[in-house]
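Below, each structure is written out as structure tokens.
Below, chain A partners chain B and then partners chain C, in two separate complexes.
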Partner chain A sequence: MNMPPETGVRAAAAALVLIFALIPTLGLQEYWIYILTIGFFYAVLASSWSLLVGYVGRISFAHAAMAGLGAYTSAMASTRLGLPLYASIPLAALVVGCVGLFLGRICLKLHGAYLGLTTIAFSEIFRIAVTAEHGFTRGSLGLQAPGFFATNGRAQYYYLFFIFLLCVLGTMWLLLRSRIGLYFAAIREDEDAAASLGVHVVRWKVMAFAISSMIAGLAGAFYAHFVQLVAPSMMSLQEMGLILSMAVIGGFQNIFFAAIGGVFLEVLLELMREIGGWRMTIFGLAVMVVLRYAPNGLVGELIRISYRHVRGWVT
Partner chain B sequence: MSQIAVACVEKRFGGLVALKDVSFTVQAGEMVGLIGPNGSGKTTLLNVLSGFYQPELGEVHYDGRTVNGLEPHQLALAGLTRTFQVTKIFRRLSVLDNLLVPGLTEWTSSRKTAVAEANRILQELGLDHLAGEMASNLSGGQSKLLEFGRVMMLSPKVILLDEPFGGVHPTLKTLMHEVVRGWNAQDITIVLISHDMGSIFDLCKRVLVLHNGALIADGPAEEVRRSPRVVEAYLGTKSVRAV
Partner chain C sequence: MGLLAFTEQVINGLVIGSFYALTALGLAIIFGVLRIVNFAHGELYMLGAYCYYVLTSVLGIPPLLGVPLAALLLFISGMAIEASIVRPIYEGKVERVDEYAIMITFALAIFLQNAALAIFGPWTLRVDAVFAGRVSIGELIISGDRLAAAGIGVLLIMGVLYVLHRTWVGKAVRAVSQDRATAAVVGIDVARASMIAFGIGSALAGAAGALMGPVFLVYPTMGLIPAIKAYVIIVLGGLGSLWGAILGALILGVVENLATVLIPDTTRALAYKDAYGLGLLILILLIRPQGLFGERTRRS
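Showing the complex of A and B:
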């Protein structure tokens, strides 16, 4: 049978979605259901980071901080202001989107190392401020947040995060297939050429930052009401490094590859728990190797090799 | 009414004066050549006209209004567009998508119409068989044609061409000449920078000459070709004396 490669990829993606949808019914330990739920959270972060880096060509190390900001905003809005979660979570997304808009605007003229360093500075300022502000955020003790459900059923949270991930990926996919996606790609390829053809480069660079941040904030808000305790450590540079590793190892030039990287590395992180801090060292090395030898990430490389073999069989 | 009017424009980069007191006008539907030795300020002038650089002094008028301070995308949407000396195609996009970027910059434009227009232009340029190909796979000449196709998508009133014939095969160059003549026949104003004097004198009736940032000649092509100042600027004083 001569099946086009795209059909094969779509079939594999559908199979993956089906497998993840069935996992809680397969008798897997609750602990692993919990780990996969966290994996979905990281998948949202890694894919929204790849939206900015892979599709628009703008680097940011403030993604973990944006997730933290979303988590704190929703936790505080629900505990201090008494807002229901269906109001506090959109509020968190809106606040983080606005902060992303502001950060995107001040970073507009910055590129490469300067842009990266500015986002690191923002991230650290925010983390330190949250840690220091005991009265408001309870500092490193962490802030409690109400849960989504009355009972802490793992499967309920699993499906909530799974559907959330699918919705985020679907929305980003539609965005990237629209004319806005075309503007993003044009800006990534050449800003001057894009501008000379009528693309409002400033607007779309800032919007990309805001959209990517808003998704991170939304993920952070969901996370807060899942783990029910928000701490400044979720905004650390180590967390940012983890998100970066997930996106790069999965493949940061494709939101779906990055998402798979998120789930895969979270599971791997747990499997390698016994080696403790060495896990991050290994991930760091893996990032370097992948960037050098498989710039499309492991998922991209896997698909490329599969194509080659399928073509070999057909011919 | 002149389509482009440049009045006493000065552009500096630190201590370097790249353009000094440059003034000229270009009428609607005119095709003007812009020549000068390397470093004379030709591309800087094009960058000023297309909004990439803002002049320190002087004014640029387009279609009767001052456009100082306008961004390149605003000028492009107003019908003033350009190509680049070093081809700037979107390498990781398909040939068709390269054309759809300018085709979809207006929010009112429909994708269906843009795709139809892009396919028509690709056919006109002989690139229709490459529509789905990644732009990175195109040859140098095909990339130049793709740049031509992209500016056509904007239905421009003015096209600024920066060295469009550099390194292009003679057969392809002939095709590009035809395309440029076709634009001009549709009353599109063209400012053409080229080191290829054959192309300049073949296509343009009027030529502007820049030297060290100053406009040293502006007139009919034949007159400019014989101007001692222009010959001196290109060959140097000693060479001219020897000739």
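Showing the complex of A and C:
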């Protein structure tokens, strides 16, 4: 075989997209179509989280909270203000983006740990506030939101979320290939060197955090009109732990690996239903092992191993 | 608000503040020596409470002995955690050091929290307090279990400060926190000092959990709010500053108790009691990001 390994990876990626595009036509149980749709939602969250963590080197623990903020904003705007979904969803993205800009502005001038500290406090206290203001948010009962479609066809939502995921991945990929992506990489490798060469370090860190949060908010808004009920539990740190597990196990240094991790772990979560509470215990342990011994994630390792084999065939 | 009510709130605030000081001090010691924020600190607190529960309620050990034993168990666990997941950072075995440190401690938190959930279930457990009853000073009434726990907490803090300032081990730990390389040059075993620092930090969190378990019940996510408060406190005091952590804890305790009277609706007031910390955190980051005792460095 005399093809360069990159071609192999591209062919595999194209095959993966094709398989996922055909899945609803293969007569899979509706239940699994539903699970995969949720998997796409998590894929958006995991990959947008890795945009910040893997490419800029800063860590946010508010990603689940940002998704929740987006979900509540869109649900409230559509039910209480009567806005149509094409207005309420962009509004949600805007609100979350502004919160991201504010939090980023006050934390990202400082040591890397400050963003983690502030976002963890923000996310938990925001969840408490949403639960406490039950007159406004219906608390832990959950807030109802209108659906995207008049009929609740599983395949419709499947394709909606699949296309949404592809659009988000495509946009992030274009962003990372642009000059801005180079700024991100420069900041990640050496902030001082980047600053000395004229990169507005703080500005681009804040932008990265705001964009990453905004995508989470957008995903949350989509999710709200898919499950049609938003509850404060979607903003818990447990949920954040799940997003982190998906990104790290898939590979947080690459948005595509993280997305695959999102779908993979959601399916795994369903397959391992019988062991209940042990699932997240196992994922937590797996994250520690992967971080220590395979920092490129399982997808990264898989590709590395297959490269070695391809090289073996060539020589 | 009358003078009596005011004094009562301030005293309650100082009592609560001394618990916060236990967790925050542990976090500050770990940050000082290892330059990492331990995002599993709340789960070490939770682990301390469960150790205390197993020791006193299951094995029948007297509560007064249960607290130091739980702290000892957490000291050992802390050293094991340092040796297994934190030390690789200083041995150059991981790339992307800052991200690794934050994510691995958070993953540890997820692991511990869910392990507790799977083993003990989501229910709240009731455990025996070190001391029951009420203490009245003039017209002031303070619940005895809190006061006794706060007393033990203060003794523990004083003990740790004594060890850090007056013993060789403590001086070694402080030397490493001032300058790792120089400490190694003058012959301090940096790896051992780091392990001991993480052990002390965990033991303090565990002792706090053991002392607070009887007051606030024991359940898997009990460490979340205390940990978030500890994060707010160390930012308020200045990352890595020991006195900053203690003073910050007392300030937060008093602020929370005084601010509670601002919201008349009691259920909401109780829910928002934990939210003042976030307001305080944002205020510090805006006005004085280096904290009360922190050094003004641009970035580390």
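To be clear about the criterion, the second predicted complex is superposed on the first by the 310 of 315 C-alpha atoms of A that agree within 3 Å, B and C clash if a C-alpha of one lies under 4 Å from a C-alpha of the other, contacts with A are read in each partner's own complex, and residues count from 1 in each chain.
One rule holds for everything that comes next: contacts are C-beta pairs under 8 Å (C-beta built on N, C-alpha and C of every residue); 3 or more make two chains touch, one makes a residue touch a chain.
None of these values were measured; they are calculated from a predicted model.
Asker: Let's test your reading of the overlay: on chain A, do chain B and chain C clash or fit side by side?
Answerer: When both complexes are placed onto chain A, chain B and chain C end up side by side without any clash.
Asker: Is A:Ser196 touching the first partner chain B, the second partner chain C, both, or neither of them?
Answerer: First partner only, chain B.
Asker: So, does A:Tyr183 touch the first partner chain B, the second partner chain C, both, or neither?
Answerer: Only chain B; A:Tyr183 stays clear of chain C.
Asker: Touching A:Ala87, do we find chain B (first), chain C (second), both, or neither?
Answerer: In the superposition, A:Ala87 contacts neither chain B nor chain C.
Asker: A:Ile23 in the overlay: touching chain B, chain C, both, or neither? Say first, second, both or neither.
Answerer: In the superposition, A:Ile23 contacts neither chain B nor chain C.
Asker: For chain A, which side has the bigger count of touched residues, chain B or chain C?
Answerer: If we count touched residues of chain A for both partners, the winner is C.
Asker: After overlaying the two complexes, what is the shortest C-alpha distance between chain B and chain C, in Å?
Answerer: Between chain B and chain C, the shortest C-alpha distance works out to 8 Å.
Asker: With touch defined as at the start, can you tell me which chain A residues reach chain B in the complex?
Answerer: Listed in rising order, the residues are 179, 182-183, 185-186, 188-190, 192-202.
Asker: So in the complex, which bits of chain C are touching chain A?
Answerer: Listed in rising order, the residues of chain C that touch chain A are 36-37, 39, 85, 88, 93-96, 98-100, 102-104, 106-115, 117-118, 224-225, 228, 231-232, 235, 239, 267-268, 271-272, 274-275, 277-278, 281-282, 285-286, 289, 299-300.
Asker: Could you please specify the touching residues of chain B with respect to chain A in the complex?
Answerer: Within the complex, chain B touches chain A at residues 50, 52, 71-73, 76-77, 81-82, 84, 88-93, 97, 100-102, 104-106, 111, 150-151, 153-154.
Asker: For the complex, give me every residue of chain A touching chain C.
Answerer: Result: residues 53, 57, 59, 61, 106-107, 109-114, 116-118, 120-122, 124-125, 128-129, 131-133, 191, 237-238, 241, 244-245, 248, 252, 276-281, 283-285, 287-288, 291-292, 295 of chain A touch chain C.
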